[in-house]
Amino acid sequence: MVPLWAYLLVAAGLFCLGAYGVLSRRNAIAVLMGIELMLNAVNINLVAFWRYLSPLNMAGQAFTAFIFVIAAAEAAVGLAIIISVYRSRQSVIVEDVDIMKW
Amino acid sequence: MEDVCSINNLVRCLLDGGMDAGLANFITLLLGVVLVAALPLVTVIFLIWVERKVAARVQDRIGPNRVGPFGLLQSVADALKLLTKEDITPMGADKFIYNLAPIIAFASIVLIWAVIPFTPLHIGADLSIGILYFMAVGSIATVKVMVAGWSSNNKYALLGAFRTIAQLLSYEVPLVLALIVPVMLAGTMSMQAMTVAQQGMWFIFMAPVAAVIFFIANLAEVGRAPFDLLEAESEIIAGYNIEYSGFKFGMFMAGEFMHAFTVCVLMAVIFLGGWSGPFVHEVPLLGFVYLGLKTAFVYIIMLVLRSTVPRVRIDQLMAFNWKFLVPISIVNLLLTAFLLYIVRALGLAPAPNQATDFVANLPQTIVLFVGNLALVGVIVSMIRSQGRRQRLADEARLAESETEEPALPAGVPAGD
Amino acid sequence: MAVLNEWAFIGVFFAVAWVFPVLPILGARILAPHKPNPLKQSTYECGVETVGDTWVQFKVQYYIYGLVFLVFDVEIVLLFPWALAYNQLDLFAFGAGFLFIFLLADALIYAWRKGALEWL
Amino acid sequence: MIELNVQTIAFLVFALFILGGGLGVVTTRNLIHATLYLILSLFGVAGFFVLLSAPFLAAVQVLVYIGAIAILIIFAVMLTRSMTQLRQVYNHQWTASAVVSGLLFALLVVGVILPVWGINGAQAVETVSEVVADTVDLGKALVDRNQYVLPFEVASLLLTAAMIGAIVIARDDE
């Protein structure tokens, strides 16, 4: 089988790509996509560790399932907020929504 | 059996011929894939003819009758015609995605066939999550619609895509909810094991409500009448594939026909016992015939519905799903879970070694069937009282408005 | 591993399936005439000139349907393992599944009462 | 050394999907294209799940992520007319974020993954068990009172709350 570190490597790469997207994109929806990438990297890690270290303990699979739930909730609410912000400010650029900054 | 080289023992035959083991395995795999994938392709050519013939008979016409005997070659002629039609890519289209969409549309349907059990021995891949596999592959359909609608750079295509997706997404909910019931009954998600579990009793007798919900939701998923809003010519020209022409359009068309047929096969496998029938274990190929007959039965129902039922409006479509099908499927799921628990607690469930026995399954089936009947009774009485209230309200309003001015009939929407 | 063999079939299927639609499309490219002109390639709107952007403003109702679907989809999918193991569960697990479905029904009732399911 | 067999090839293909898709997501100007790259990446993750003997999660990945979340994102892109605001993809801190992400990746690989789980790492996994729990076990664990029944119910509650909140936020004020 493919060794564990190969999976971890890909997951780390995906996580960093997602982090880069979150930090650098201007469009709020693109930021949200970056978050999805990061969540998926976590999922890969969870399942890989489950498979290689404790394939009979259900923790890895169960928590992956819960991360699906959280990703769904996050996408639903996050996109709803973006749509709402767009409606009031006609913009989805993250920097334009800085009124809470001060 | 030693001398016969068939698909069942192809690996051994190739090995005897002195071939490398890995290569022999790969060739067998590839051959299996091509066989399984070619089956729907061949069927769809025939299906279009069947569909046109049945529709014609319902409308008191003859249907295709010029090309070949009984017009059998009509579809071939149509395909040849499409092959020589100019393929127009509209200006402003996103070229790569525009070309990708029909490929996804067609391939995603072919992929479903990988998990369909044809006989006790022949199945593409007996996945442990077969049911979720075809749900997952089916959900790619929404992506194809979105991609086709967006890349065409056409308002109507985009609008049609949005409507279609709203429809597909909505009807996926009762579809999946209905599928939980057979999973619960069979205790497996593998398609082959599900067929085996039905050898004693078909699931349509144990869960008729789930079967009907599955059928209706599938009608909407494949966009068949009365849910064919996605090609409502009078409203949104032709839906998401309006800009497509030539064989790319043909791919969408063939994909739709194939999808309609595929859901009939799935219906036959999940609720009508698939290949199971008399003598099927002695002659496995009989299973193929049984499956074909059951599928044809479901398909004919679908065709007759198509030619006889009028199209619904989109607000009715959505209301029917969210306010009728989804609540019913949730109640049905709860009811089935409850009844199954009761059956098990009372010891009416068949013993594991008798699970495929008809008589041993009878008590359980009777309990579940009566429960389903009761549910249907409740639903019908609720619809009746609702309808009566609606009618009285309408009559009252009509009587009131007659004194003032002639009004529109009740319930006409203001469009969207 | 026998289980992975089944998935190898699926993998090969994924690799092969797209060939079937691509072949006739390529064949059509060879056989079909190709004489594009601006009028032919213009956006088809029953002959009327296109006005404005393709990006018309869509109703938020589409998003609401997608949202409700997403929530239901995730919940139902989590129910599948429960249904699969149903024959081996005790009363407590049975009740846990019931509570889960009740919460699901709750969400539907809320959306219904709120009018989020109406096609306006 | 890693031997080259079907699994390794599949792993490489899926890794290419995941990382290539991820790169596309963060660099593409066109948001619809970015979503399609996201779908590619998520599909690769589903492939990983299959390779890791978790087919149920793979199916859920496709069903939930590609069939629902990606579609929702496309809806949001259309509704906010994001395609008309394409002037500038990155904000002013993009170089800094690139450096930070690159450093994070290097740190994870050199500092954690290779020393701990690498070929000669402290906790390198030599043998992989052939016995794997399946979906039935997952079903039992999710509703077992000693395991995950509480997170299971809370997940349902969370989704209900998220749906209510999102409907309230997204609807037009009336």
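A, B, C and D label the chains in the order they appear, each numbered from 1.
In the analysis below, contacts are C-beta pairs under 8 Å (C-beta built on N, C-alpha and C of every residue); 3 or more make two chains touch, one makes a residue touch a chain.
Note that the structure is predicted; figures quoted are calculated from it, not measured.
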| item | value |
| --- | --- |
| Closest chain to the centre of mass proxy, which here is the mean CA position | C |
| CA centroid of chain A to CA centroid of chain D, Å | 7 |
| Interchain centroid distance [CA atoms averaged], chain A/chain C, Å | 21 |
| Distance between chain centroids, defined by C-alpha means - chain A, chain B (Å) | 34 |
| Chain C residues counted as touching two or more neighbouring chains | 3, 7-8, 58, 60, 62-63, 66-71, 73-74, 77-78, 80, 83-86, 97, 104, 111 |
| Where chain D touches two or more other chains at once, by residue number | 7, 53, 55-56, 60, 63-64, 67-69, 71-72, 75-76, 78-79, 81, 135, 137-138, 142, 155, 159, 162-163, 166-167, 170, 172 |
| Shared interface positions of chain B, touching two or more other chains | 127-128, 132-133, 158, 162, 165, 169, 172, 189 |
| Arrangement of touching chains [line / ring / star / complete / other] | other |
| Chain C contact footprint on chain B (complex, rising order) | 29-30, 32-34, 36-37, 41, 79, 82-92, 99, 102-103, 105-107, 110-111, 114, 124-128, 132-133, 153-156, 158-159, 162, 165-166, 169-170, 172-173, 176-177, 180, 183-184, 187-189, 237, 242-243, 246-248, 250-251, 314-315, 318-319, 322-323, 326-327, 330, 333-334, 337, 340-341, 344, 416 |
| Chain B - residues contacting chain D, complex | 94, 97, 127-129, 132-133, 135-137, 139-140, 142-143, 146-147, 150, 158, 162, 165, 169, 172, 189 |
| Chain B-touching residues of chain D, taken from the complex the two chains share | 32-33, 36, 39, 55-56, 58-60, 62-63, 66-68, 70-71, 74-75, 78, 134-135 |
| Complex contacts: residues of chain D adjacent to chain A | 2, 7-8, 11, 15, 18-19, 22-23, 25-26, 31, 34-35, 38, 41-42, 45, 48-49, 51-54, 56-57, 60-61, 64-65, 68-69, 72-73, 75-77, 79-82, 85, 88-91, 93-94, 96-98, 100-102, 104-105, 108-109, 113-114, 117-119, 121, 124-125, 128-129, 131-133, 137-138, 141-142, 147-148, 151, 155, 158-159, 161-163, 165-167, 169-170, 172 |
| Sites on chain C touched by chain D in the complex | 1, 3-4, 7-8, 11, 53, 55, 57-58, 60, 62-64, 66-71, 73-75, 77-78, 80-86, 88-89, 92-93, 96-97, 99-100, 103-104, 106-107, 110-111, 114, 116 |
